[in-house]
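Step one of this worksheet: look at the structure below.
For clarity, chains are labelled A, B, C and D in written order, and residue numbers in each chain start from 1.
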Amino acid sequence: MSRQARFYQWGMVIDLDRCTGCGACVVACQAENNVALVEKQRFAEGRDMHWLRIERYWEGEFPHVRARFLPMLCQHCGDAPCEPVCPVYASYHNDEGLNGQVYNRCVGTRYCGNNCPYAVRVFNFLNPDWPQPLPDQLNPDVTVRSRGVMEKCTFCIQRIRRGKETAKSEKRLVRDGEIQPACAQTCPPGAIVFGNLADPDSHVSRLARSPRRFRLFEDLGTDPSVIYLKGGGHEHAG
Amino acid sequence: MSMPADQHYDAATANAAMLSSTRPATWRWYLLALLLGAVVACGLYAFSYQVMTGMVVTGKNRPVMWGFYITNFVFWVGLSHSGTMVSAILRLSQANWRRPILRGAEAMTVFSIMIGGLFPLIHLGRNWTFYYMIPYPSQYGLWPNFRSPLLWDMMAITTYIIGSSLFLYLGLLPDLAVARDRAGGWRRLFLSVLAMGWRGTAQQWQTFGRASTLMACLIIPVAVSVHSIVAWDFAVTLVPGWHSTIFPPYFVIGAITSGVAAVITLMIIIRKAFHLEAFLQPLHFDNLAKLLLVVTMLWSYFYFAEVFTTWYGHQPIEWEVFRFMSDKYRLLLLIMLFGNTVVPISCLLWRRVRRSIPALLVITLLINVAMFIERFLIIVPSLSHKNMPFMWGSYTPSLVESTVMAAAFSGFALLYMLFAKFFPIVAITDVREETEALRGTAVRGRARLTTLVDEE
Amino acid sequence: MKRRTFLKLTGMSSASLALSGCQKSNEKLIPFLVAPEDGTVPGQADDYASVCRQCPAGCGILVRVSEGRAKKIEGNPLHPVNRGRLCARGQAALQDHYHPDRVRQPLQRDGERGSGRFAPISWDQALTLLTERMAGLRTAGQADRLALFTPPLTGSLATLVGRFRDGYGCRQHLAWDWLNTEWLRRVSQLSFGIDGVPDYDLAEAQYLLSFGADFLETHLSPVRYGQSFGAMRQLRPTVRGRFTYVGARLSLTAASADRWLPARPGTEGVLALGLARELLLRGVFDQAALQAAGLEASELLGQLSAYTPRAVSESTGVSPADLQATATDLATIRPALIMAGDAVAWQTNGLEAGSTIQLLNILVGSVGHTGGLHFSPPTAPGAGSSFADLRTFIRQMAAGRIDTLLVRGTDPAYSLPPALQFQAQLHKVPFLVSMTRVLDDTAQMADLVLPEHSDLESWDDVVPDRGVSQQVVGLQQPVVSPLHDSRSFPDVLLALARRLGGEVQRSCPWENYPALLRESMRQRLGNPAEAAFQQEWLGLQQQGGLFEATPPANARPPGGTFRLPSQLGSSFAGAAEAFPLFLQLYLSPFFTDGRGAHLPWLQQLPDPMTTTVWDVWVEINPVTAQQLGIVHGDLVEVTSMAGTIELPAVVYPGIRPEVVAIPIGQGHRAGGRYAAGRRVNPLQLLADIHDERHSLPAWGATRVQLRRLSATGHLVAAGHAEGSYRRDILGL
Amino acid sequence: MELLGVFASVEQAAAAVDRLVQAGYDQATITSVTSVPYPPGVFVHTQRRSWLHWVTAGGALLGAGAGFALAAGTAWLYPVQTGDKPIVALFPTGIIAYEFMMLCALLGTMIGMFLEMGLPEFKRRAYDPEIANGLIGIAVTFADETQRHDAEQALYSAGALRIRTDEAPA
């Protein structure tokens, strides 16, 4: 979409050369966002609820075999295919480049899920269940979604909100690195960097200018806000 | 046409024959209704179970978020194209052989679009909030998103349900009067209300004729738009295998194919069930079968064009979807091609087949099975192997979904049975118009010829 | 009442009315009208610094607490080990606290041993029971028949347990688990004469060669090395550190490598010597370091004459080209760093192979240099018990010399390979006490189960013995009040000491464990005055511990200690004809030795390499699988000399054709609803084979055979089996 | 007031019309009542111009306007950004306007038809149920008893089986 001048344009850079596939981000995301537990049978049926997953692709044959990891989360597309197909505006675009999902609006057509080329939207096929006292862990900042609605990565919008409120109360803009989604916060090798793409000097903007940059399915014209940096080669950070 | 010239023609006998379906029900009728009702009840139970438990009871998953319900939706909307197309096009083209079949076809349209329209609602994750999609000023201060194809669907299907019901009612109006005049008791009252005091004056008939032509003209573009919009549900997305400009005409042709086939199937059943052999003669089946032959050829051409461009372009993900489909669903694919292309084209070329009721029954049933498979093969393989290879999956319909589908078929049959019980299932006045008003004889030389008065 | 307040209140009450329609009570809405106790501000979360206890690395954590409940665990940015980062296991520790199957009060066995039937009793009853037993032993002069089984302990807890043991008069304290550092310490001792755990300056290295060290998963300090690895790769503006991995299986760590050298199991040392010979031949080595180690280049080259590239290649199965390329990297890129880990250690030649690998560190001059190898501070505690101790301990059990065994913080009934006979001899221990949070396999067998506080409810100090080269004392503090009627282990010890009285009470005089903690911390700080200490203590609690700012001067190895190992041959249990495949067990990246298996977040976290969830499997090379007629997901039978188990097959391209691999960590008999009954424990395949000469375990020296059983392996993976090979579609 | 002569054959009915015309009745006061539509001229010629299609066109216009207002207007009043689609999007608005146009045109046609037919008819009109079974009725409107008599005469002479009126039966 035409990106007008605005203060914040949230984006993420994932350096595939740093990503080790360790899965810390996946658990961080699940803990932060009250993502439901999925037992084995449900997993087998294809009802897993992870908002963030590490995809692993095999390349080559023994002994020249390589495994490549690709952390996959909502790409917060500028021209998101999921948004216009929703009949009830449950999926919409906010003016900070975020791909919003209003659970209460959602009627569960699952059209957005079909139209997402990244397959990052998950549907609540059944009500989440946490045996006592596990519900005490649930993050009070994040809604627990009921069955019948779509959900997905929000870039930890609750943290963005809090960060912006803090900044506003101090009459300033959000500082670079002040807001961290759970995945970026925990990532041991520092492969995930989050920040404001509207600020050309932010860490994320600087990384986004790397010659190693690419975005997934660029040819589909979805204009994702998640920028990957190529890994596995001998390139420098640049 | 319907009566041999040498036989004495009696309008009262013809009326009685065409209204045979409205005679008091036999125990067999009740038994069948009970049976169908039981299946519908099972479907309702299955649906309530789904509402109470969640979509987990279906076979859907990530990435296959749509399955049997949407397949059914497309299938039933497709079926609904028969009636209107057959009856409206043939009415406009003044094909006289249309007369005995049009009522049955129009009724089929109304019932199948009603059934079809239910499926998107059954399919919702939160069915109870379906009204969020209806445009009305609400306290949310938010209207539905008219940029969503689902809203177009809703509008188109609403228009089509209303339009095809009106179309059915319009054609029914003079027949209601006939039925009224022949009925007694509560039926007479019921029919009197519906007939609205129709007498059949010259002026009424003239207006009726004009309105029928106008409605026929209007309903055809609506029908085309409905299935185009259903096709756009798929074609406007980025899903490989769906994102194709050929989809709208392809879907429309597919719809007419399954519709015409279903009309033939139904005609065969009605003919048998209500002893309408005198009115539904081999000529009608021959003509319908010719129409069917043409549309299956068109369908095959469209299918060829779609697969051929995919094959030639060989875009990795598009080709992957086709490869997966032809691998995992090979049997289904073969049945589809067999039923939609090989069998109809090779068989319907022959006049003997076209006039053989049993052969047509088999062929038309096969075509509709193949058309159902076609819808399934459009929806499921594309979703199974979408752009993210890591997230590939597959889909098997669950018991709940199959039960709901069985209930849909039973419900359709039940509605049809009830309709035939209360309303003239053959367009009485249309049929009689030809024999009584339009047909005459003229002597030319030594020949005694049948003539037809043409209005225009 | 102001109009606004009124509106707020009416809004609230109508909201709560609306909510109460669908919920039992106002669970979701915090009542603002009643002031909460203990200074809690509704909606306001606080972070408390503490220490992660999921593995011995001792990462600093911040626990986000809202309304008195722990909500999330994050890394402590001030902690020098992990600097704000945390791994999957650390975050899942929250579920250890909230686990639905936690033991909620002390339990006494009520039925057959192992039947899992227990009767709840009070703490007083439980302690009385234990005290009477212990007092009885002491009176009978059999105090030594009390034994303790824990993981290796650090800090004040080690002190307390030592004092208790000595005061009571027993010597049997086995401090052993899978993550012990015995092998690394002994390799350091053998190669450099230092009894210490190496700490790798990975962030500054430009070339890394890892021999089976899975430093991104379970090896030493995964978060620290994960972070350093990221820095090594892409933090420096013009340098991208390069990484080569040696090992028969492409582990998660190996997956990040630029080059993978799949050496046959047991031949890693040969490969190291081949590389050493290349370096010597090419004349690119650190002359000074070599001399300091007491080695002479030409003499060494002579000793290595047999390790020609061809011979090494034949022996290891690594192609000569890869060997040469690696040698070139080692010769040209500085600083270079060489690591060694489990896959090397768990062979019958583990110690020798480890020392040949350290020879490479000497040759590239990495010891004690930036971007090289350092040693953990001398103040770090000892490694706990050795493998020899473990075997002795089990012999003591078999001989009936253990009367009362107290197991705490470890689950030997699950995690010890049955070939060691621990499980078999357990019935000879008359009284088994388990201090645990969930009823694990050991607790299931126990006579008395004592519920322990979760990590978020207890005090401790944690002195990591790995991943640091400076003094670090992490302070673990309770961040929430206890959920159940549980107690902390040190407080139970103190209570026992008080009840037993006498010498043991005198040697453990503290009122409670925090008192001991404060005392030892005060000592570390140089005994400041009470007021000053109070201030410092508060600061330590906020910061998460005592961290020495700069590492001490690098410990240089004493000179002239390195001796080339005389033999490098390894042996395996099982004849090659009957058992044609090498079995490589590896610690699961998430469950390690099984300790994480009860956490559902980890169970449903797809294994990074196979993307499998909730399961255990056997990894087979595609060629081998094809030969055996096995396809992905089939159920196969794995047989070794020690046993037979059935597992689903994962066709795994990243493994040598003659090797199969199984992760350790699943197959618990008990351990709560999430861990119990997840197939079988693969440890039962291990034969009783170990390095006899050095008394070190050889977990990687068992051979197996495979047989396809059926197509119903019920394997569930997050990633599509075929799709995993189609990265071309992504253009990745 | 209306008289309805019921005839068994087309020829008799046509003759009856001729007699009525001869008797001085205006063609506009005579109509046929049949259960099947006969081509114009068989009995009578109806001259009335039809305005049905104007109602249809009016409905279509109204529907198109309403559809446009709904799709474009609500989006414009309550703008929510979705993807890159403009708030007032051309194609969707066109589709909704089209569907509404067709819906209202269909409704307009039906309404127009009933208005033009004068249905529903609540008044009692001269009718014979046997018309449904193929008899043909010729109805004529008369002003007074003299005219009535003439008409009855004409109808009977043409072969009417019976004559019915719209008066309530005695």
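In the analysis below, contacts are C-beta pairs under 8 Å (C-beta built on N, C-alpha and C of every residue); 3 or more make two chains touch, one makes a residue touch a chain.
Note that this is a predicted model, so its numbers are computed, not measured.
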A-B against A-D, pair bridged by the larger set of C-beta contacts: A-B
Chain centroid nearest the full-protein CA centroid: A
Distance from subunit B to subunit A - Cα centre to Cα centre, in angstrom: 44
Separation of mean Cα positions, subunit D and subunit A [Å, integer]: 64
Where subunit A and subunit C are represented by their mean Cα positions, the distance between them in whole Å: 30
Distance from the mean Cα position of subunit C to that of subunit B, given in whole angstrom: 66
Contacts with two or more other chains, residues of subunit C listed in rising order: 611, 718-719, 724-727, 730
Residues within subunit D bordering two or more other chains: 80, 82, 85
Sequence positions of subunit B contacting 2 or more other chains: 142, 145, 147-148, 151, 387-391, 393
Pairs of chains found to touch, sorted by chain label: A-B, A-C, A-D, B-C, B-D
Contact footprint of subunit B on subunit C as seen in their complex: 611, 718-720, 722-730
List of subunit A residues in touch with subunit C within their complex: 15, 17-18, 20-24, 26-28, 30-32, 37-40, 43-44, 48, 50, 53-63, 65-70, 131-134, 136-140, 182, 185-191, 214, 216-217, 229, 232, 234-238
Residues of subunit B that touch subunit D when the two form their complex: 10-12, 15, 135, 141-143, 145-148, 151-152, 155-156, 158-159, 162-163, 166-167, 169-170, 174, 177-178, 180-182, 196-211, 214-215, 218-219, 221-222, 225, 229, 429, 432-433, 436-438, 453, 455
Interface residues, subunit A side, partner subunit B - complex: 42, 45-48, 53, 55-57, 70, 72, 81, 84-89, 105-111, 113-115, 117-119, 121-127, 147-150, 217, 220, 222
Subunit A contact footprint on subunit C (complex, rising order): 43, 66-67, 69-75, 82, 84-88, 90-92, 94-95, 98-100, 216-217, 222-223, 226-227, 229-231, 233-240, 242, 250, 252-253, 255-256, 258, 260, 262, 319, 322, 483, 589-590, 600-602, 604-606, 608-609, 611, 613-615, 621-623, 653-657, 673, 714, 716, 718-719, 724-727, 730-732
